[in-house]
Every structure is written in C-alpha cells, then in structure tokens.
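Take a look at this one; I'll ask things after.
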Amino acid sequence: MDSERLVELLEQVRQKQVSVTQAVLRLRHLPYEDLGFAKIDHHRALRQGFPEVIMGQGKQAKEIAAIVRAMRRRNANILVTRVKGTVLVVCAGTSDIPVAEEAILTAQMMGNRVDRLYDVGVAGIHRLLDNRHRLDAAAVLVVVAGMEGALPSVVGGLVDKPVIAVPTSVGYGASFHGLAALLGMLNSCAAGVTVVNIDNGFGAGFAASLINRV
Amino acid sequence: MDSERLVELLEQVRQKQVSVTQAVLRLRHLPYEDLGFAKIDHHRALRQGFPEVIMGQGKQAKEIAAIVRAMRRRNANILVTRVKGTVLVVCAGTSDIPVAEEAILTAQMMGNRVDRLYDVGVAGIHRLLDNRHRLDAAAVLVVVAGMEGALPSVVGGLVDKPVIAVPTSVGYGASFHGLAALLGMLNSCAAGVTVVNIDNGFGAGFAASLINRV
Amino acid sequence: MDSERLVELLEQVRQKQVSVTQAVLRLRHLPYEDLGFAKIDHHRALRQGFPEVIMGQGKQAKEIAAIVRAMRRRNANILVTRVKGTVLVVCAGTSDIPVAEEAILTAQMMGNRVDRLYDVGVAGIHRLLDNRHRLDAAAVLVVVAGMEGALPSVVGGLVDKPVIAVPTSVGYGASFHGLAALLGMLNSCAAGVTVVNIDNGFGAGFAASLINRV
Amino acid sequence: MDSERLVELLEQVRQKQVSVTQAVLRLRHLPYEDLGFAKIDHHRALRQGFPEVIMGQGKQAKEIAAIVRAMRRRNANILVTRVKGTVLVVCAGTSDIPVAEEAILTAQMMGNRVDRLYDVGVAGIHRLLDNRHRLDAAAVLVVVAGMEGALPSVVGGLVDKPVIAVPTSVGYGASFHGLAALLGMLNSCAAGVTVVNIDNGFGAGFAASLINRV
Amino acid sequence: MDSERLVELLEQVRQKQVSVTQAVLRLRHLPYEDLGFAKIDHHRALRQGFPEVIMGQGKQAKEIAAIVRAMRRRNANILVTRVKGTVLVVCAGTSDIPVAEEAILTAQMMGNRVDRLYDVGVAGIHRLLDNRHRLDAAAVLVVVAGMEGALPSVVGGLVDKPVIAVPTSVGYGASFHGLAALLGMLNSCAAGVTVVNIDNGFGAGFAASLINRV
Amino acid sequence: MDSERLVELLEQVRQKQVSVTQAVLRLRHLPYEDLGFAKIDHHRALRQGFPEVIMGQGKQAKEIAAIVRAMRRRNANILVTRVKGTVLVVCAGTSDIPVAEEAILTAQMMGNRVDRLYDVGVAGIHRLLDNRHRLDAAAVLVVVAGMEGALPSVVGGLVDKPVIAVPTSVGYGASFHGLAALLGMLNSCAAGVTVVNIDNGFGAGFAASLINRV
Amino acid sequence: MDSERLVELLEQVRQKQVSVTQAVLRLRHLPYEDLGFAKIDHHRALRQGFPEVIMGQGKQAKEIAAIVRAMRRRNANILVTRVKGTVLVVCAGTSDIPVAEEAILTAQMMGNRVDRLYDVGVAGIHRLLDNRHRLDAAAVLVVVAGMEGALPSVVGGLVDKPVIAVPTSVGYGASFHGLAALLGMLNSCAAGVTVVNIDNGFGAGFAASLINRV
Amino acid sequence: MDSERLVELLEQVRQKQVSVTQAVLRLRHLPYEDLGFAKIDHHRALRQGFPEVIMGQGKQAKEIAAIVRAMRRRNANILVTRVKGTVLVVCAGTSDIPVAEEAILTAQMMGNRVDRLYDVGVAGIHRLLDNRHRLDAAAVLVVVAGMEGALPSVVGGLVDKPVIAVPTSVGYGASFHGLAALLGMLNSCAAGVTVVNIDNGFGAGFAASLINRV
C-alpha cells in the first residue's frame, strides 16, 4: 500500500473514526511491497499472526530459533502483553525432543505460556497418568511421537482440549520415516485429535498458538 | 464409581465445599460402569465433551445425526446456554457436501454457532475472495476438499484462525480415494493448518468444537 | 508312509524299544498320502499341532469354527488332558470382536484355557488399567486392534508375557484397510510384541497356542 | 542416410522440385549415423525440434545450460527469426526457483520469449491476483510448485491457456520427495492442466515450446 | 456483475470505445451470480473456454456427451466458425477406446477438427509406423494407453508436436488401476510429453483444445 | 516408590507374610523415579524382564552389546540360575548375520541358552533339512531372512514351536529396504509364525525370551 | 500385404528359390490387413507364435480356453507335429489352481507337453521334495504361488532349468492382492527365476512355450 | 557326501553301469560340505549350472566379473565346448549400460555367444527397427531399460523368442528408483515377456543362459 493510504488510515484510527479492530482488518488485506525478485509479504504477520516462513529443506530448529528471536526483538512489547492459557507439549521418547522443542520455541515466540512433559511413551503408561493434573491444566496440547505414534490417542482420551499430533521420523524399518506414526495419528480412536506433517514442530506450535487465541 | 462416593461428592458441591469446576474435574477421572460384554464409558462425555462414538465401517452421516439428536434431547438445556464464536465450514465442490454436513451437524450438536460457505473451490478463486468477510468473522474454520485438496492452503493464508482440513475421497484415478488430498493438506504451505482423516467430518466438527471452547 | 513301516514303528513303541517321544519325532517327518489331485498332509497336525488349513479368500470365522469342531470330535480325549496357562484375548473396539473370536476359537480348539477382555481401547485407558490383574494372570496375550493399532504397545508395557498383536481392517480413510494398524504394531515401542497378518485371528490363536506349550 | 541420397534430395530442393516442407518431412524419417557404440540421432532435432537429451541421474541445470548454449551457437540465426507468444513461468516458493529456471532456459534456447512470476504461492493469494494481467498476456504457462502443489489449480482457473504443471521435490515429511505435489497436480480441479515428472523443468520448457509453435 | 455495469460495458463496445478483446478480458474477471446454495460460475466458460464441469464419481462418458450436446445447441454458431489444426487421438488397445472417445467428444465440442487412430499398441509397432503421415498431419496429439503406457513415448519420438498422454485403468494385477501406466508416462524418455489423470479423457481433450488455440 | 514402602514390603517377604511372587507383582506396578528431564523407568526391568531401551536411529548391534554387558555385570548371579529351553536363531544368508547376532545377544543376556544355524536359505533347501534335529531340539525359533523372506514359512512348516520371523533390509531393487521380506513373512502360509519390525533382532530376541519363560 | 506379393513369395518357396525359413522371416514383417475400426494383426501368430490376445478386464480362464480351442481347430495339424520337452506347472495351494490351469491350457494349445504338480506349498516341503524326479524331468517350469510367493525360490534352487514365477492374488490382509507374492518372487534368492504379472497364467504359459522352442 | 559313496558312483560310471546323465542327476542332490560357519554349496554349480552367488548390497559389476573370471580359469575347457544360440542384450539408453554389461558378462561366463544392441530407446524407434535382423538372429533376448521401461514391449512384439526384461533404477522423480520401469514391464502388452528385479543384470544373464540350454 502506498504511504498516503497508510497515513490516512492511521489518522482515522487516531481520530477514533476507525476502531483498532477495523484498522487491523483493513490492513490485513492490503498488498505487499514488490521488491523485484522476491516478494516480501509484510502483512502476513497480521493476517496469520506470524511472519512468512521461508520453507527450505534441511532447515534446522536452531535456524527457526534465530529467525524467531530476531522477530521478537522488534515486537517484544506486543508479546509480553498477551495472557493466554498454557500450551502443553508432550513427547513420547527422548528422540522426539528436537521436534518438540521446535514446537515450544514457536509457541513461546508467539506469546504463549508453555509447559513440557517429556518421555511419557505409551509403553510406560504410568508416567503419563501420574501427570494427569498437568494435562488437565493445559488449554491446548501438542503431542509429539514417532514409532507407532500412539501417544496422541491416549492423551486425547484423557482430556477435553484440542490435541495437535506431530508424527516424527523416529523409528526404523517399517516406520518408513514417520509414515507409520502419521497413519496412526490420522486414525486415532480419540475424537478431536488433528495432525500436522511429519517432524513439523513449527506447524504444531503455530496452530496451537492460533487456537490459544480463539 | 459406587453411588456413595458420587452422593458424597455432589453433597460437597451443594454445600459449596467443592466448586462445580472441581467436581467436574474429579468426575472426569472416575471409572465407568461395567455392563459385562460392552463397557459404556459414561464419563467420556465429561472427559471429552461428547459421548463415546462407536466406530463402524459404513456408518452414515444420518446415523450420526440420529445419535446426536438423541443426545440433544437429554442435554438440550446445557447446550443452549453456551455462547461461543462461529465455526465456519467451507467446502470446495458439491461432492464434498456430505462430509461438510457431518462436520456441521457435529459442531451444532456440541453447541456451536455454525456458518457454511460451499462450492468455493480454488479453480474459481473469486468466489472464495468475495466471501472474505465471512472468513474473517469465524472463530474456527473447517475446510473440506477432495481432488488436490488445495483449498485449506488458500483459506489458511487469508485468516489468522485455526483451520482444520478434511480431505475427502472425492476424485478418481490418481486421487487414490483421498490420498492425494490428504498429502496435499499435510504439506500445506499455510502454517497453522491441521488435518483429520479422509472423510472424517465428525472428527473435524469435534475438534472445532474443542477449539471453540478454549 | 506305507503301512508296514507304520506297524513296525508302533510295535516298537509297544515293545518299549522306541519311546513315545521318539515315535512322535519319527512320524513327524514321514510322507503324506498321495490322493491324486490334492495331497492331504495327514501328519501336519503332528508337525504343527494342528491340521493343514486350506487358505481361501472370504473364509469366514464360522467356517473355521466348523472345521475346528469337526476336528475336536476326533481328538477330544487328547485335548482335555492338556493343562496350560491362560491365553488372554484383548480387543480394542467392538468392531474388532469377530477377529478376536476367531483367535479365541482357535486357541480353545487347541486345548487352551481362554479369557477375554473386550472394548478397552486406548482412548479410554482406565478400562484397561482396571483389569490389570487379568493381564497379569495370563500366560500369553493376543491383542486385537484396528484404526491406529496402539493397544498392543500399552498392553506390552504392562506385562512381561509374550504379546501377539493382530491388526484389523477396521477403520476408514487413511487406515488403508488395516495398513495403519499393521505399521503401528510393527513399530511398537514396547519390546517383545510380535505381529501377524491383518485380520488373521486364526494365526494369532495358533501362535498363542504354540507358545503356551513351550 | 548415405550422402548420395542426401545430395539428391537437396538438389531437388534447389531445383524447386521438392518444397522445403517436403524436404524437412523426408529428412525427419531418415536413419541416424551409426558410430559403433553410441548411436547419435542426428535427425532428432528435426523430428522433435531439439537434439537428443542424454538422460543422466544427477544432471544439473547448469549442465543443461552448457549443452543448450553450445547448441545455440550453431543455430543462433534460426532462433532469432522465430516470433512466438510468451511463455510465462510461474513459481510458488523460492525453493522452487532452480526447477523454474531450468524450464526458462530450455524455452529460451528453443526461441521463445519468456516471462517469470516468482514467489506467488497460494498461501498469499493476493500476490498472484495482483499479476493477473501477466497471466492473461501469456500464450502458454508453466507453473512450478512443491509441497501441496496447489498453484496450478488456481492459475488454471484464471486463464484459458495451456498450463503445464511441474511438481518439485521441495517439502519434507509427507511430501515424499514430490509425490504429494505430483498427485495434487494430477487431480487438479482446473480442467486443462497437464503434468510432467517431478523436478522436470526441462520437460516442461520443452513441452511449452512445442505448444507455442502450434 | 450488476446489470448497469454490464450494459455500460456493452455500450462501450458498441461505440467502439472498447474493443471486443478488451471486453472479453474484462468480463472474464467479473463475479458470478450467487444463487444461494450452489454458485453457478457463469463466466467460467469465458475464462476457460468451457462451462464449469461438476465433478462426480462414476460420471460416465455418455453423461459428458449429454452435457456437451446441450451446450452445443446454444453455442453452435460460435463453434462452426473456428478453424484450427487437427487433434489426433491415438489409442493403444480396444479397451482404451471409451477414454479416447471422451477426449474426442470434448475436443469436438470445443470446435476442433479431430482424427482418430486406434489399436496401434507398441507390441505391434508396424501399425503405428504405417500411419506416420497421420501423426505428421496433426497439430496436437492425445495418446491414450493402459497397461505399461508405452505408446506416448513412441509417438512422442516420432513427432515435434505437443503430446498429451492419458493413462487408463486398463490392465490387471500389477497395473494397480492405472498406476503403472501413469508412472510410465511421467517417466517418458520422449521430451515434451505431458500427462493428465488416469482415465481423464475429458481433461486431455480440454487441454488439447486450449493448445490448439495458441 | 518411597523407601519406607519398599522396606516394609521386603520385610513382609522376609517374614513370609508375602511370597516372592506377590512381591514381584506388587513392585511391578510401582512408580518410577522422577529425575527431572528424563524419567528412568527403574521398574521396567521387572515389568518386562529387561531395562528400558532408549530407541535411537542408527543404534548398532555393538552398542546394544555394550548396554547388555553392563547390565549383566550387575545381575550375573540371577541369570546363571535360569534353566530354560533353547532359542534357535536361524538365518538365511551371510548378509543377515548382524541382525541374527543382535537377537542372539539379547536372548543370551536374558538368560537363555542359544543355538545358531546360519546360511540355510531356501534356494539350497538341503542344508536346512540336514539340520532338522536342531530345529526339533529348540523351544523357540527366531528366523532371520532378507530378499523374499521365505525361510520362516519353510521352518514353520517343519516344527510345532513358536517361530518369530525377522525381515532384514538385505536385498536390492524391489526389496524396498526389507518391505518384500516383511510382506512375505506376514503372509506366511505356515500358521503360527509371528513377525517383528525390519532388522529388529533385538525385538525378536526379547520376544523369544518372554516365550521361553512361559 | 497384397495378394500378388504373397503369391509370388509362395511360388518362390515352391520353386525352392526361397527356403521355408526365409519365407517365414519375410512374412513375419509384412503388414496387417486394415479393417477400418480394429486392425487385425494376422501375422502376429507368426511373429510371436500365437494370435493377438485382446486384453480385457475380467477376462476369464474359460474365455481363453474358448479362444484357444477355436484356434486349435484351424491349426491342429501343425501342432501335433511338434515334439518338445515338458513344461511342468507347479502350484502352491489349491486356491492357485485357476491361474495354473490358464498357464497349462496356453502351453498345451501352443503344442507343448505339460505335466502338473499341485498343492506342494513350502509349509509342507516334503511333498515337493518327494516329486524331485518330476522337477528334473521338465524342460521349463512354471511355478504359481500366492501369499508369500516362496515356492519359486525353493524350486529354483532344486533345478537348473528356466523357472517362470507367477504371483497370484490369493491371500488376504497384507498380501495386498498379490503384491507380497510379486515382491517375494522378484527378490528370489534363487538365480534364474523370472516373473510375470499377478495372476497372469496366460503370459507364463506363453513364455514357457517360447522357451521350450529355443 | 562321504568319499566312499562318491568313489563308488564314479566307478559305476567308469564301468558303464551308470550313465553320465544318471551320475550328474544323482550328484545334484548330494549334500554339501559343512565348513563350520559358512556352508559352501559345492554342488550348486551342478544343480543350477553356476556356483552360489553371495548376495551383498553394493556388489558391483566388476566384482562379479572378478568372481566369474576366477571361475572360468578352473572350468575353461568345459565352457569352450558348448555351442548354443546367441543371447542378444538390448539396452535403451547409455545410462542402462552397466546393468546390461552385468548381464553380458554373466551370460558369457556361462558359455553363451553374446551380441549387444545399445542405445535403441523407444523415443527413436527407427534405430531399433533398423536392427531387426539382429533381433531375429537371437535365440534369447535380454532387454534392459529404465525410465518408463517400454522397450521390452516393443521388442517382444517384433520377435517370437523369449524376452527377459530388466528394469533399471535410471530416471528421476516419479521413476521411484526403478519402480516405474518395473511396473511397466510387468504390464507389458507383449505376451511372453518375463521380468527380473530392478538392476538385476546378473539374474537376467543367468536366466538367459538357462533358457539357451533348453
């Protein structure tokens, strides 16, 4: 959008002719700046609550961290004001932790309070049941698991909160790089479980954050 | 749970020694009634906000409707008191409508206000864009699509709300009974989209309802 | 084997020149009777402890029952003398019951004591935990589950007995006719779980029986 | 073809007994030169409008560039005389650019005017719609996308020109190295979209050039 | 679009202030009429050159024929004026003919001259080579084949015209309902071959028609 | 469990008020020690007869050996007292040996007597038949095979003992990293064969040990 | 070919100017008769030794029988003169017999002596070994098996003759309609085994006949 | 076999009481020498006409060559005496040559005359047709092709000899490491084509040699 129109809009906000809500709505549909080769979608952060993520194969959790940290510097004062429910990130085995951390980092950067419950795989169900109060305390749950991907079903049966399942590529042989866990989660017998892509901790943290705002 | 303990708990509630919230929490973890052959999980409705669904191949939307309607009769006065945001169910083609209706029915029975936006597939993108205000007005979106399953990506890019994608088995040849749509949705380039099983309108409506309560 | 050699062997047994154990071993490797078109493997029952099963698509549990019942008539006095541990057949949902019954029937006909624990899917984990004493009492467990196939992992984590997992084709969409459950079970995070083919209740009951004799 | 027959044919052309069109047709079906081990198909350039491409795993875009540049040196004067419509190469994300560039290079070397429209993925649909005039101006479109591969459907719904879709192996997890994008494009709800192999920018550029000549 | 704007535009055309070309372009992006439940996209025929096709599983070639015939009645005078090159539809076996006929019908209804060359599968390569003049005479080729789907590669090597390959579900065993033919065509060693979905004769005819207009 | 309760239990054992069997049962369900980040499941060894295995991609047989050896140092006197039947590990080709050795090591560490029969693939069936007495002498059999995975079917037909089949990723081309062997074993025509994950020698040895205790 | 050229050729044969071998070779490459719609390839029988087979889904063994019987009436005197080695058709289970019979019928009609060995699956390996003399007596072997498809490997290890493996769709669950057997056969550890499509008894009989003529 | 029995047999041969043919037959079924760890199957060369091949992932053509060359030194005088028909190895592209050479080397070492016809892929069908006389001259054909794997169908339609198809892993994207070529060949429309595993030149050469002896 050209600067005149932007100034005009902001002035209307200042004059109380346009509410903040209306202003955000209007800004959300304004065009992006054309920089020639790559088009930076400056308003995506407004539309989706988070700046555009440049997808790349082999992108690591620490790279995401770097991006997110940089973003926080600019917007820190916005984030601290938010008060929301807790996002609980549950994870089955220690091999699943990197994906869980990616989800946590993303949710934290988007202003959520985050709790973690690790190493509570279904083959030792007591460990999960002993932490039932933490499941109950959460507003949204992200459940990360590889191998057979059974943990989201058990968690989903214990809570009445949204559960986002993240299959990981942990496993070998017939796990087929996360396919077994993915199919398991899509077929969860616990109603209300939704699924993101294999190893997509970022997507799970992002979705949890959108839900936490509802 | 045996009846003494239940009476005791309810009495405590009545005497204000236990809050309703605490009571619900405690009830949620109590055991089920053992009826011999099949175990009816009376408390699942409390734990998950919806009674246990008996999974069966070939279960039709109208059967779900019957079940849900029966449940409503008993609980109608609970449901009417809820005020929540709107669940918008968007669907790509007319062949996807039965799955969309299953989601709508489920969400309605769980006390949500529901809006529908049909026949706005990506090959005619104007129809979707013309309804942008309805996308903005929703608290949670369920997006139902078959064939290439592209609609959730487009919708997810336009809103900053949770989007639940439902692949349908509509299509032929290399759609492989919904696999193409499922993979498309799992790989959505719009962050924050989560996915349920193929044709699982019920699961999407259920998850949307859990989210709408957060 | 021609009758002379058989008579000779049996006489040696009678004369105590050959022990019963040796006789069984020798008989186990003797040839079958050639009936022209189809070769009836009369000794397979000895070699494998159960007569040859003629594989046919669409073979139903009740047909298996008929076959097994016919066999019992001839061998009843053998079976009743066996005293073994209990085979516990656990099953996740009511849709899985036909496959579970096929396993039970097979195990019973092979002389095992059988116990059943039904409708204890992982989305309602309390129902399973409340029956822990029955899990502990079993010598061998057969666990039948469709959808995500998570039950064997939970059961396998609670017991130190052999667990045979049977995936069923129950489910829809991305269950791909039992593939999701099969992969889930092969990737079980509980060590010691072994798996048979989709819907193969017969094979599970058979294997459980072989194990129960060890 | 032996040289006598070639000289004879060219002489007939020179004497106007054979038209240039007829001569090209006849030459197109003449045999190749047998060099012993590898058979160089000298006439393929005539038959297909481009010299034979030696398929090799791991062939890079810059190798194709080298080959094509070498060819241009010999045929430059032919190419400059061609006047055709524009081939527009559209691409979803920055990771898809190498494949898009392979298509562009191929189309350029075959004498086409080429325009590019990059980074217009479906999650930011405004960027695409703001360039609608460039879509309308093209004679043929090549649309390159990874992940869910939804862009060709949207583009195909906006134009009445041939659209060649190129799935890329960009993505991770359940993208299965381009399979998700490939299936998405084959199931496109926009009629008239055709598809080439994963990452096959060369094939798309080649096909676009053949179409541009029709 | 509301009627005032339409009248205004048409008047401008009548007054020669706006060319017909400009008018078509403008109309192409105008909105559709909202009929309540289903949205009829009246302008899609202009945007894509063919009215919207309502995708349905089990839609038969004769239903397509009925739709197309009905459309022709209204637009016959438009179609007859078009003069284009010939679309040649080639098909491998007699079992592939229904799909080929769907392509032919679609191309004819969109105003193309169509030629057919049937039963020229690669196991009898002479039959194809004897019709080389018909291959050369075509402007665009649609090649329909099941089983191993090899015909498009051979045809693509003989011509320098666009070739649209249509895999059919003809075959059995490891043809996997057209998957073998689909993969074969995507991996064609003849550059310039593009592919549509399995059994999608309509899509091939549509794409051929778009190409024939370029 | 806190130490008081443990002391109390042990004292009861010492006073003969609680049998050893009861004590083991009770201990088996006691909670784990919470160490903060990772939860060490001290009682899993009791529940499952083997300490918790931390799943990691790329874990080698020799790492398993190191873990198991360390465990043996602490528990040596327990293991030597066990007297069980023999676990026979059979393997098809020399390439399958590492997986077979993983099974052997696991079974040995859990106190089993182990015998090995190597390089007896089905293409040289005499080698297997010449060792029939060793098959007969075993209490449980683990059969390891790659490529077509046919060996368990043949072995399963020769014995009336439990057979655990382990597919290996040995092979190339259409073996698809063990998938061919896995499917072959799941479809075994010999009843009573159960299957573990591809290359999962550890799981097979573990299951064999559980069976050997029955 | 027009009749003059045919008469001329036959006359040359009669005058001994052209040998029968040369005549057959020449006829083999002559064109087919063009009947308009479908092209009957009259010479295919000469080129391939069997008239063209019109592929159709759902073609039954008895239809093949009818076709072949009709052909035999015309060519009986040719067939009886052939003396070749024996084609042995081996089959694993009784469910595989229809496919085996299709192979036998085809081989017989092409003038081969055929022997059959049925119901010798690998789970009862003695039955196969007792018929070793029949395996040795054959010139070519066709081995038909469903489920895990292990029989060709065992047979291939016992003989030094060409073995053609035919996977059948017999089985259930993870046999995936013959895929397990197909992969098993392609990965056979017995060198020299070649494979045809699932249930393709005709193709196996045809190939066996071509081999038997070498 | 113990040496007495061997000497006895050879003496009988020398005394003409046993023919050479009978002797070979008898030797073929004698046991192997047990060397402890690995069992060397000395008689496999007699049973299968080639010594046992130790399967290993990553085994290269030159390793096979070394093995085969070593074997030839010992048996050279046997091989030179054989006179058989020609094995023609045909290959589609230059990338397929290593696999073709593996087939050639194997066939040569087993005493066959071999001819090669390279770089005759179906996209340049003239090159193949120009060599029709070489196709006709062969007794057995091995056809090696990657990508869509169409060459065996075309060759199979031109000859009445056994054709062994070898899919190669050459290609990219949706070739899925040779799967596309494998499926194409299994679905060949030319009757009489049989298939070996992906890249299995050794197996094809071996099978061709067995056929050439019939």
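Lettered A, B, C, D, E, F, G and H in written order, each chain numbered from 1.
Just so it is clear, a contact is a pair of C-beta atoms (placed from the backbone, for glycine too) under 8 Å apart; a residue touches a chain by one contact, two chains touch by 3 or more.
Note that the structure is a prediction, hence the values are computed from the model and not measured.
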Farthest-lying chain, centroid of Cα atoms versus that of subunit H: B
When subunit C is superposed on subunit G by its C-alpha atoms, the rotation angle in degrees, nearest 5: 90
Chain centre separation in whole Å, for subunit E relative to subunit C (CA means): 56
Mean-CA-position distance for subunit E and subunit B (Å): 40
Where subunit C touches two or more other chains, by residue: 29, 44, 55, 93, 124, 147, 156-158, 171, 173-175, 179, 182, 186-187, 189-191, 197-198
Interchain contacts (touch definition) - all pairs: A-B, A-C, A-D, A-F, B-C, B-D, B-E, C-F, C-G, D-E, D-H, E-G, E-H, F-G, F-H, G-H
Subunit B - residues contacting subunit D, complex: 92-93, 121-125, 129, 147-150, 153-154, 156-158, 171, 173-176, 179-181, 183-191
Contact footprint of subunit D on subunit E as seen in their complex: 25, 28-29, 44, 46-50, 53, 55, 85, 132, 136, 139-140, 156-162, 164, 182, 186-187, 189-198, 202-204, 206-207, 209-214
Contact set on subunit E toward subunit G in their complex: 93-95, 118-120, 124, 126-127, 130, 146-147, 170-175
Subunit C residues touching subunit G - in the complex, by the definition given at the top: 29, 31-32, 37-39, 41, 44, 52, 54-57, 167, 169, 178-179, 182, 197-200
